[in-house]
Each structure stands twice: as C-alpha cells, then as structure tokens.
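Structures incoming, each one as structure tokens.
Heads up, the next two complexes both have chain A, just with different partners, chain B and then chain C.
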Partner chain A sequence: MKGQRILLPWAGLGLLAAMLFAMELRAAWPQGDDALQWIILQNAVLPRAVVAILAGAALGLAGLLLQRVLRNALAEPSTLGISAGAQLAMATATLYAPALMGWSVGFVAFAGGIAAVAIILALTWRRGLEPVSVVLAGMMVALTANAASAALILANGDYLFSLFIWGGGSLVQQSWDPAIAIGSRLAIGLAAAILLLRPLGILGLDDASARSLGVALHASRFAIVALAVWIATTVAAEVGIIGFVGLAAPALATLSGARTLRQRIVAAPLIGAILLWVTDGLVQLASGAGGERLPTGAATALLGGPLLLWILPRLRMMEWPSLTTPMAASRRAARPVAMLLVTLVALIFAMVVALFAGSGPYGWTIATGDLLADLSQWRIPRIVVAAAAGAMLAAAGVMVQRLTGNPLASPEVLGVGTGAGAGLTAVLLINATAGLFWQIAGAAAGALGALLLILGVAARGKFGPERLLLGGVAIGAAASAIITAVVAMGTTTSYTLLTWLTGSTAQADATQAFTALTLMAVLITPALLTVRWLDILPLGGETAKSLGVPLIRARFLVVLLAALMTASAAMFVGPLSFIGLIAPHLARLLGLGRARDHLIGAVLLGAALMVVSDWLARMVAFPYQLPVGLFASLIGGPYLVYLLSRGAHQRG
Partner chain B sequence: MTRRAFLASGAAALAAAPVRADVSRSIAIIDWALLETALALGIVPAAASELMQYRNLVVEPEVPDTVVADLGLRGSPNFEMLRQVEPDLIVISQFYDYQRPQLERIAPVLSLPVYDAGTPPYALVEDSTLKLGEALGIAEKARAYVTDTAREIALRRTALTSHRARPVFIINLGDSRHFRAFGGDSMFGDVLGRLGMENAWSDTTSYSAAAPVGIEALARVPDAGIVIVDPSPPEVARGLPRNAIWNALPAVREGRVATIAPVSHFGGLPSARRFARLTESAMSQWPVA
Partner chain C sequence: MTERGTMETLLALEDVTFSAGSVSILKPVSLDLVRGRMTGIIGPNGSGKSSLVRLVARQQKPTSGTIRLDGRPLDGFGERELARRIAYMPQFTPPAEGMTVRELVALGRFPWHGALGRFSGVDAEKVETALERTELMRFADRLVDSLSGGERQRAWLAMMLAQDASCLILDEPTSALDIAHQADMLALVRDLTRERDLAALVVLHDINMAARYCDELVALKDGRIVARGAPDAIVVPETLAALYGLPMGIIPHPATGQPLSYVA
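On to the complex of A and B.
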C-alpha cells in the first residue's frame, strides 16, 4: 500500500513527460510527404527524447555508484569536480590541441574528469576518503577548474562560443550517435553494477568489515569510480553539463522507499530518466523560434538547487565515523608578538613593492615623481582592495576552521561567496548595464540569502560543524549552477559574470577601496572580541559548554561574522581564492597558536598574500591582466596538496 | 573603370596608406571596430587593445606590430600601460562606457556608437566613421572611405544579381549541433541586404552571442543557401558530416554552402567590406537557381 503511494508521483511525472513528448511529436509530424520533415522527425525529435531518457538514467546510475563507493550522499559528477574538470580539459584542448578535440571529444572529457577525481582521491586518501573532506576537496577542485575555464573563455572570447553551449547542457539532437554512445555506456554500466552487486554492497560498509569479507578493497573501489566517471563524462561530452540529476536520482530513490541496493540500481536510473525527460519537455515547451530560452542542463540546475535543499535535511548524512578529532596542536612560538611584527613587516614590504615596481611599454620601472603620482591612482585602490579582501578572507578562514575543527574548511565552502554571485546574476538579468551600486546591492542580497539558508540548515544540527559544511557546499553548488546557467546564455551578462567569477580587481577605484576598508574595519573588530570562544570551540561542544561558552549563540555569531566577511571579500575578488584556507595554516606554522595571535597573524598574512597575488596577476602577462582570484588559487593549490599529505602523517 | 580595376586601385590606396597622418596626435583605441576604421583611414594608433586576438579574428586591416602598444583585454585594458603611452585621445565605443571614468583620468575620451540592439548597424557605423574622421582631422578621407565602401558593396551587389532568387543564412557554428544566426540587426545581416540578398533568418539577433539554435532550424527555409563564418570549433570537421539533418538540407545536397574566413561580428566599415568581398566570392561559385 505504502509502496504504491510512493510510486504514484513517479508514474504521474512519467506520464507528464510522455504527454509533453506527444505534443512535440504532433508539432513535428510531417504534412504530406515532406522528406526533410521526416528526416527531422527521425533524427531530431525521436533521438532527443531517447537521449533525455538515456542520459538521465546514465547520470542516475553514475551518481548511485559514486555515492555507494565513496559512502557519500553528496557525491555526484558536479560535486566531485568531474564536470568542471572535463570542461577545463575541453577548453584547453580546443585552444591548444584542436586535433585532439577533432579526434575524440569523449576522450578529452574523460581525461579531465578522471584527473579531477584522481586529485580529490589523492587529497583525501589519508583521511580515509571521509565524506566531508571529499566534498570539500571536490568543491575546491571544481571552483579552480571553473575559474581557469572562465579565464580561458575571457581571454579568447568569441572563439569559445562552443563552451557556452556545452556548459549549458543542450539535448538538441540531429543524429542517433549520441544516443548510441550514451546507451552503450549505460548498458555496460548496468551490467557491471549487477555483476558487482556483492562487492558494491560490501563497499557500502566500513573498510574493516569489507576487508574481512575478502573484497579487494582498493581495486574494486577504483574500478567502480572509473566506470562512473566514464559514464558521466560520456554524457558530458555528448550533451554538455547536466547537473543535479546524478545527485537527486539516488537520493529520491532512497526517499521513495528503495531499501536494498538491488532496488536502488533499478530505481535510481529510472528516476533520473524521468527527471531529465520532464525537464527537457518543459524546456522545449517554453522555447521559441529564436532557440531555447534556457538550455536543459541549466534548467535541471535551476530545479535541482531547491530540490537539494529539500533533500538535505532528510538524508542520513554521515555513513561514516564522524571527524571530531581536534586539530593537532602545533608548535607555539616563544614570542608571538615578535612573530606578528614579522608578518606586519612582510605585509608592508609587499605593499611597497606593489606600489613602486611595475612593468611598462619599455620594461621594468621603479615609479617616481609624476609617474608615481599618476600610477598610484590605480595601484593604491588595487592594493587596498586586495589587502582588505585578503584580510577578511583570512579572518573568516580562522573562524570557520576553529569552529568546525576541519583544517580543510575555508570561507568558500560556506557558499556565501557564490551566493553573492547568484545575487549579482539576478541584478544583471534584470538590467545588463546595472551600475556598481546595484551590483554590490545584489551581491549583498544574494550573500544574505545564502547566509540565512546556511544558518537555517545549520540550526537544525545545532550549528554542528558537519551540517554547516555540507549545507554550505550544497548552497554553493546550487548558486554556481545558477551562475553557470546564465553564463551559458552567452550574452553581455555572461562576460560580466565571468569577469567576476575569475576574481578581478582591474576596475578598483577610490570608492571601492574606501568601501572595502570600511567593511574590513567594521567586521574584523567584532571578530577580535570572539577570540575566547575561538580558543575553546575547537575542543568540542561538550568541553566548550563545560567551560561556560554559550554554545549556540557563540557558533551563530562566529558563522555570521565569517559569512559577512566572505561576502564582502567576494564582491571585490570573486568567490575563489584559497587565501581563507591558507593564511590560517601559515599563521599556525609560524607558531601563532592562541586564537588572538592566530587571528591577527592570519589577517596580516592574508592581506600580504592577496597583495602579492594581485601584483603578480598584474605583472606576469603584462599588459594582459590575469584575474587575481585565479592567481591566488594557483598559488594556494600546491600548498593545499602539501598540507593534506602532511596532515596524513599527523593522523597516521 | 571596370569593377576589378576599381577594387584594385582601392586596395593599392589602402596598402600605401599606413603612415601616421598627424604625427603630433597620439591616440589609443579600445574598440576593435574603431581600431579597424582608424587603420583603414591610415591612422596608426599608439596603443590598442587585444591585438593578438585582433590578428586572428578581425584580420584586416593589419596592425603594424612595431608601432602599436598592446593594452590587454578589451574588457579590462591596462590603465598603467595606457598612462605610460600618454595618448592625447582615447577612442571607445558604447560597449566600454563603463571604463570612461578611469580612462578620462588619462586623456580625453571620444565614445562613438558602433552597435545599437535591434537596429541595422551599417548607417550607425558610417556615421561613426565620419565622426572619427572629423575628430582626427581627416574628415575628407573618412568621407571618401564611406563613399568607396558603399560603391564597392554596390558593385558586388550587381555581381550577385543572378543569385538573388534564394535567401541566405549567415551563421556561425557553435558545435556540430548548434549555430547562431546573424539577423537584420547585425552587421552581416545589414550588408547582406545591401548586397541585394534576402536574409533567411527573419528574427533579430539582439547580440551576436545570442542563444544557440539547433541545426534543424535551418530546414525552416529549405531552399536557402548557407554561409558559415569561421572560426568553427575543431570537432565540427568530424561531427558535421555525420549530422543526418545537415546532410539532408537541400543547400548541402546542392552545393549552396560556403565557409568564409573570420570577420569581426561587431566590425566597422572595413569589416563590412571584408564580409561583402568574402561572401560575394563564395556565393558566386554557387550553382545559379
């Protein structure tokens, strides 16, 4: 009885999809013996419906496999950076190895996707592929790959028109080739899943039981991950990025009552197929003569965001021993004040170099006199904006890391930065030529919206670290999907958004500099008042309570301040930079262990790092200006790898 | 004068032209349409933006690489570089008006419109060419260039008389499944009309990077010819010949498809001229209906 009630909505949705398809068929049915119309019916209308069904099923299966093997409810092609990696590989190949793209798009996409997964697995290997870390690493890889693709598109403009289409995910068909490619991968995937039913079931248990049951743990895990990536990147290569189906289908299958693995292997692809078929039907219904208003992949992303937020509280998040071990205590400097002075000197040195040294039409110069007076009107605002943004990100990083006890946590994962981007997107959609004031207002509203959502999600878990991080990642993914969808439309708005995504300080002026400084002063001062809490919070909730910390209020205030600082910084330097992740670690390495010293040290280091990044971004490809956000993350990436491999020794 | 002789003399005049007409005046140009216009009028600017891509996508008139300083991306020109070039005048189009406050601190800014959503741009660009000529003190030359361009297009129009029976799509391929069309409000669409041809795409374009459309939309006007403006992405070479609908289009079966070299989508009169020349020579190879 209950089972029927749950099946009913899916049957209804399936019927709706079929009706939408029937309408398409009627509209495309040839009048008389119009040969061309027959060919269109056979090669466009029919394969499109088949591809929608097959691609949806393939993504549902890929999501299920990844979630099962990694024991991670949020694992899917977009949260693991597979789509972003594939996109970056395709952008790079289009520009630098066009022959490769001519030979096989699928291969290029697979190479990019598997590289992204390999990086994530390598980064989190020593943490036992613990889900929160995997998702955090996935988000960072995805953000970096997206920013790098954005920079490539910006630098090559029109030539990468194809990537706009691809990023949007279009199901338009003109032959049966994509249907055959996706269908064959789906068949192989299903067959393998059925053959591997037993190992798959065991891999869902913890490692010790799996090993004792005789499963070649790593070999089977890698084989299944590679299979899932192959299926997902085939879909990506044939029709572009279709987000959220891989995440939603397995989750909805479970929520619809598919209890056993066997049931889920049937249910997840079926639900994925229905979801994508309905979405594509609606997209076609809304399309006009000038083409589709919204590519299908963008539509699934828009529908998927809210769906994800609805699913999130209903999922059993942790199928894994939770990571509550406090961060390893580090060496304490004997005289922290001296260390702080050293970092201050480093910041001042960076600022002086950035102000005086630079390239020009006739090579390097140290600016003096009139030239300096003139150049400083561009250089000073950039230095100030970069320093303020770096300082705020670093402060937010210290607070988030101490709050969650997770050294991988950084302001980006709060989703507030990308939330600001979604707000900016909304403003630009209403008016493509909106001024700076409205852009900042929109970004602030978006950040606030994301913040309220995170606080809402986190409040259910009493602001516990895991729910906060996963909520942040989910909101970030939903907001990025909205941004990607609008970028995919390929209008002037796209270029404005791409510029923001890569993080550019090129247009910084006195007003921006003043705003950034004010925000920094207003937000970092209260942060300094929370240092007692920040000293105690990493010790865990129980300890904190027994030491008299008002736990919920303290966590709420820390999250609020960190989110406001992240949002403010994101308005100026984009959503990406690993400064919020790295600066706190560097400060700790210098022996700044107490919360007060840690915070101040990280703020100074964050400011210095961002000033250096901005200066390098201006100078490396002079006169072409690289985006500072991307540059900062390229500096941060290698450090992240080092950090994670080092963390392994401490744990192991 | 025969058509060919006229065109040859025009080309010779262009080839001889690139000398800085007014040496005392140093200008910087952000917009490509105005850059190509200035070059065609014989003015070599002291600085201009994104020259690497300009050489790939706009192609002509050529930028002498020794004289001109590259300012970086059009969307974020390098103000420091610009300041050190010390131009007397900065020329932008309405696309870059948001940079104006920053640019005005370096030198006076002249903003000339080159595109207005929804209206055919040719007349607007003619007007901006004349205004640029006035601002640079070569009004006479600019007037001559406007007249020359109009006359050249008129000559090519005559040459295409026998091809007028069928409309033409001007498209740019996004991948082997999608294209974008250039409607009557684009420079290509406008020039196509001036060549006496009917545009098979009746909608407006609104912007050149408008939403991509599936190839099957080309079947709405089955007897139309198709002109593809390069660059096309690399996978098209493999994917398009396998596209069943593409192969079934009458234009493809009857050899009324042509691919032409890149032309700037938001170009000025030199691009209009280049487009007219490339299109005419491509279409004149087509079988006459």
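On to the complex of A and C.
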C-alpha cells in the first residue's frame, strides 16, 4: 500500500530517535544507589527528551497554522522573524525592565514575536501578503532584530551572553517546568485548531472566496496568527530559537500524503516531534557525554537549510499572481544626466563633511591644519571603505531588483553576506587570533561557497526570480545558524563575530581602504556593461527571450556580479545594511528610470548614504561608536516601512 | 484572396509534438506559415493553442519534430539572430515599470545592437517609424503603465515592429480589450502583414473576430489540428460543433457576407 510506504520512513526515524534516547538513558542510568545520578536522570535526561518531543510538535503545529492562514508554504516562526523578535524583546527587557522578565518571560517573548509579525503583515499588506514578499520582509525583520540583539550584547558585555547561548536553542533541561509550559500550550493550541478546523479550511482559499463563504476573514486570521505566535514564542522563551522545524514538518506532512487539513493537524506535530527528537539525539551523540557545544536549534537550522532547498521545487506555491506587482509608478527626470550630477555633488558633500566635521571632547569642531592631518589618517580610510561598500551594495541591489522584478529584493537575500560570515567563523574557529588577511580570505571563501550554492540552486530553476530569492533565504538562514552556534560558545571568537555581525568600520586602515576601492572598480565596471540586459530583464523571461537576450547567461552573469559585490561589501560592513535595498529605490524616486541612470544614480547614492551612516554612527553617541551596519539599517528600516505602506496601486 | 504577398513559406512545423511531463499537449502537428498572410489559431480551452505558438517562438522546445525557419531548423539560430526574425507577444504582457513608451519600443532594437553595440541612427529611425505606424507618437514620452489597456497593447506591438522581424506571433492579443480596441488591434496586425509582407500567427478566442480579420484559420482540439482553411470553410456549423462540443449556427454578415457564428 502507498500509505504504508509513506509511513515507514517516519516509523524508522521515530525508532532511531527512540534508540538514541535509549543510549542516553543507558549512559545516564544510575550505578547502584547514586542519588545524584537519579536526580540528573529525573530532572535533566527525561525532561530533555520530553521537551524535544513537545517543542517539535508545538513548532510543527505553529508552522502549519501560519502556513494555512497566510497561504504561504514558507511561513514559520523563524522565517517570519517571530523568534528573532522574541529574542530582541527578551534582551531589551533583561537590560531595561528586569522586573518584567521576572514577572513573565513568556509574555515578553510573545510581545516581541507578535510585534515582528505585525510589522511583517503591515509591510506586505498592500501586496496582498504575497508569499515571497512576506518571506523577504520576514528575513529583513529577523536580520535587523538579530543585529540589534548583537549590538545590545556587545554594549553590555558578558551580562547578556547567556541570552545568546539561549538564542542558539539549547535543549538542556534542569527541571520539568519548560516541558509543562510547552505541553500545556500545545494542548490548548491543538484543541483550538480542531475547533477552528472549518474556518481554517476556508482560509486556505483566496480572500474573495473565503469572504463569500461568510468567514469573518481578518478576525479569524488574526486570531489564528496570534495563537500560532503564542505557541511559537512559548517554545522560544523556554528553549530558544529552533529553526525550520515549523517549516519542514507541515511540508513533509504534505509530501507524505497528508491531504486533508484534519490529517495535517495530526501529521505535522507528529513529524515535528520526530524531527526535533532525532536532531537532539544526534546532537547529544555528537557532543559526547557532558560536552554541550552545538545548540540543537543551530543544528536544526543547519539541517533545515538544505531541506528547504530540497522542498522548494516540490511545493506548489508559486501560483500567486502578483509577484511582479509594481511599486507606485514613479515620475521621470527630464534630464537624467543633471540628476546624476546632483547625486554626485551630494556624495562629495557627504565625504567632505565626514572628513572635516566631527564631534570632539570640546563639542563640534571643523578640523583644519595639523588636526586635520592627524585625523585624516583615521577618517579617510573609513570614508573610503564606507563609500566603496555602499556603492557595491547599491549596485548589487539594482541588479537583484531588476533581475527578479521584485522591489523588495536586496543583496542580503542572496545569502552570500551571511555566507561570508560563515567563512569568517570557520577561520576564527581554527585560529581565534587569525590576521586580517586570513579573515578576509575566509570570508571570501564562505561567500564563494554560498555563491556557488545559490547559483546551483538557481540554475535548476533557470535563474528564475522565486527560486533565487527563496534559495538565498535558505542559504542565509543556514549560514546564520553556523554563526549563532559559534557565537553561543561565548569565547573571544564570539566577540569578533558579533562585531562583524553589527557591521563596523572602526578598524578600517589604508590596506582595507585600498582593497575596498580596488574591488569596487573591478566589479562595478562590468556591471555597467550589463545595463542593456537590466533594461529588459524586469519584463520577465518571456519578453527577454523573444528579444534575443541570452537569458540563462545574462541572469548568471548578473547574479554572479551582484553576489561578488555583496560579499565584498559584507567583508567591510557586515552582512546587512538595507543600503542595497534603499539606494535603488531612492534613485528611482529621483526619476532615474533607465537601467544605466538607475545603476549609476544608485551607486552614488549608496556611497553617500553609507558615508553619512558611518559619520552619524561615529558622532551620535560620541565618544562611543555605534556599528555602521546596524545604524544604516535603523535608518533604512523606517524608510522601508514608508515605501511599502505607499504600496502598489492597482493596475487597470 | 490568395494572390496577395510573395506567398513564400517562412515557417514550417513538421510533426511537432509537445508534452509536459507525461501529459501530451500537442499530438504531431504539421503546419506552414506563409509571408503576407495572417493565420488565426482557434480552439477550446486547453487545446494547445498557446503551447503551439510558444514552440514557434522558441519559448519552449518541442518534445519531438522540427520547426524550420527559411528551411533552417529553429535550434540552429542564435538568440539574437532568431529575435531578428521572429517577434513574440506573450498572453500577459508584464508591467513595464517606470518605462516610457519610446524606451519600451526601443527595446525592440536589442536583437540588432546587442548588449554592447551602439544605438545607431538606423535604430532610432526604426523606433520612430514603429511609433508612427501604431499612432503612438503623442504617447511616446508617457509611462507605459499610465496608458489604457488598448494603448499599452499597441505599445507592445510597436516594440515588435521595431524588432523588424518577418514573423509576428501574438498569443491572445485581444483578451483584455474592449471590442473597439480588439478591432483596432487586429486590423493593424492584418494591415502590417500586407504592407511588410510578414507572416502573422495569432491566437484568438473570438471566432467571429478571427473570421473577420484572418486570412486563414487553424482549429485545434486536444492537441490536434482538426480543421484548417479560409474562414468561410472553417466557420461552418459542423466544424464548430465538433470543435466546441456545442451546437452552433451560422448567419452571413449583413454587409460583408462573412460567416458569423452563434450558439444555437
């Protein structure tokens, strides 16, 4: 029977998990009358297994609910930024409102999670919650929340480090409380899901049909989202961020033949439980007795990234009609060249201000003479590095947005920035005091690895937009997991990585400046040669093909250049900045519509924005320096909200 | 009506089939397209109309069989070389975000100048001619997205004209247009095939529109050509009934005498 063939692998995996558990039991079984051993068995080993099972089931259920109501096969607690939002809320509360944490950790986590979801829904509401945009917005929110958490930890030293370890999702237990908390939420969630079976079924249809069938659309949708967030943030509060279980369990349930909603509500939590139990068993096996190096949450993300790549082509999820819903039509500059000159002047002005003006111990000063000569050796490299990185990110942003025809796409989504971080992590893991050369080499190797992966993934989809975007998100998530896992070790390596994560130009020197300039020149020149393709590519594959564009070659080259630029910039300013997202939009708002003007304008604006961000990051909290990457995203985030709230106008 | 144009065979499909996975969409189909003639493809939903034109435009490769352009297999053409010969308008034209009409039409010159070549005087001249011929001059500097559906469709046709191809392929160019714009669009395509000695292949849903403007109709059902010929020969009750599985009647057009179909 077909049913049996599908059930068999799950039964096998369940058995494997049980065997791993039996091995742990045997290892922990008390010899004779050892009281301590009994306590460990009762309060650590047993609850850990129960928590793994319950948390897996809870995440599976939360993922299923989110996917159903958002009609998005990629929705889950970590892709929607729920976990990252919960983490940021807990970090903030620990520092500024410890009483709140004492009162209810679960509530703080829930507030953070619900805030993240609210932002994402608000961002993508006008785009009809179209899945790819929801996932992109989720990734942006998660990246920003992570960077903000990292900055808080950096600023407050060891105090918050335990929180980051928690962020890795360790299942180590000391009591039964977490198991009870998660179990009770899971029971309530399951009961609610069964009660809501009918509206849930209808919410899987499109809005118009659901409304015509009499479902109170928004009320039930928000209620179910809130329920899912509550379940997910409970898990986050009790054991930390566990990625991908919520994504994989419902998808695997569907692939295993659970067709009706009723079957899925049973199958998804079961599969989630098995997945997490097996993963945790393997983590314990790998770490050996007592060693607790790799948090289980990082391990699931590590396994989940590739899994997502495997699932993607097997899911029917691309039938959403509005992937290319345009942004509001922009006006056009009458004389683009004049507009380009204006942006050039803006860049020069930004650089001059950054070079001369500064806040010192005696208030604001304009540096001249000897002081300027002294300061320039510090300031010039920073300005050059910031400008070059901003220019490259902006160019990559123009290319990615034009290639995918999606105004929400940005270089970050290619996953190469975080790939660079994973490479840097590997180098620092081998030698914590590795020099700059090795750090850059490691970052480049990591970026290249991520790049080859994304190219391989995208090639199978003929470099089509959806595959590229979602593949990039998957690679980014897996690479982030590696970084998180190592940061969670809490060594000196962690500080280097945290600094990099938040993006800092504070160590820029002449060598770095020269390297950045060279990379910029070498990469932006060929980008300028692709503008004719970039004019045509937003019109989609069909049009490009009928106009004689060598589609696969053109897309390959564009992705390659964009990824190389992203990776180069990431080495200097960290993996995120929003500059690659915003500079292209600003250039367009200025009326630079043709690909050539758009690209040049965005490059100049990106450089100017990054120089300004860097200068502000240096000045705002003088004598402390804020990380520029974080600062740029704090500027960029609100702009993104504004941009999206203007939304897409309906086409006639 | 067959005396017009050079009548030289431009495109020939020889036993072409197409399957998506295990589903056979086109059974062996053979067809040739002649210069100076507008060929309409009609048939019920799912009969393989779009697949057929997509194969001819090389948007997809046939599962078996050959398509020849001027006697050369389609496979042997380079991308730009083919785009200089065949222009294709997909069923749903994508949004041309932030692009003016003139810029969109100028993209039609890509097959001629390529990614790095200079946009020459000849290119500019072809763009202006295409704009004039489609009466878009006064919209030339407007954003494509600000135009009405009919004007937008004409802008895409102008792009195809600038492409200077000898074969125009249009997949349901009138599906989103009101009746006046449908008539405009089809009359324009028909006139162009005569003026420029082009071969045109147009997928149409409305049989009466197809009969009114096409020189020849090809009727597809379940991936097979079930009838082919001049409109008066195709638009007859028996053929239409077989095609759509619905009793249909015919009356002559009061003015032109062309056949008009109706559901009996």
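Quick notes on this one:
Quick note on the criterion: the second predicted complex is superposed on the first by the 624 of 652 C-alpha atoms of A that agree within 3 Å, B and C clash if a C-alpha of one lies under 4 Å from a C-alpha of the other, contacts with A are read in each partner's own complex, and residues count from 1 in each chain.
Following the convention adopted for this analysis, a residue touches a chain if its C-beta (ideal position, glycine included) is under 8 Å from a C-beta of that chain, and two chains touch if they have at least 3 such contacts.
Bear in mind the structure is a predicted one, so any value in this text is a computation, not a measurement.
Applying the stated contact rule after C-alpha superposition, one finds that A:Ser175 touches chain B and leaves chain C untouched.
Legend: residue contacts after superposition of the two complexes on their common chain; A:Glu130 is shown touching neither chain B nor chain C.
Of the two partner chains placed by superposition, only chain C is touched by A:Gly405; chain B is not.
Ranking chain B and chain C by residues of chain A touched puts B first. Of the two partner chains placed by the overlay, only chain C lies in contact with A:Val549; chain B stays clear of it. Residue contacts after overlaying the shared chain place A:Gln507 against chain B, while chain C stays out of touching range.
Of the two partner chains placed by the overlay, only chain B lies in contact with A:Asn156; chain C stays clear of it. Residue ranges of chain A in contact with chain C, taken from their complex: 324, 326-327, 329-330, 332, 405, 529-530, 532-533, 535-536, 538-540, 542-543, 545-551, 554, 588, 593-594, 651-652. Every residue of chain B that touches chain A in the complex is listed here, in rising order: 53, 56-57, 69-73, 75-76, 78-81, 83-85, 98-99, 101-102, 105, 172, 174-178, 180, 203, 207-217, 219, 222, 231, 233-235, 237-238, 242-246, 248-250, 265. Across the complex, chain B is touched by residues 35-37, 39-40, 42-44, 94, 98-99, 101-103, 105, 154-159, 161-162, 164-166, 170, 172-177, 289-293, 358, 360-362, 371, 374-375, 377-379, 433, 489-492, 494-495, 499, 504, 506-507, 509, 618, 622-625 of chain A. Put simply, chain C touches chain A in their complex at residues 57-59, 78-84, 86-90, 93-100, 103, 107-108, 110-111, 113-116, 143, 145-146, 148-149, 163.
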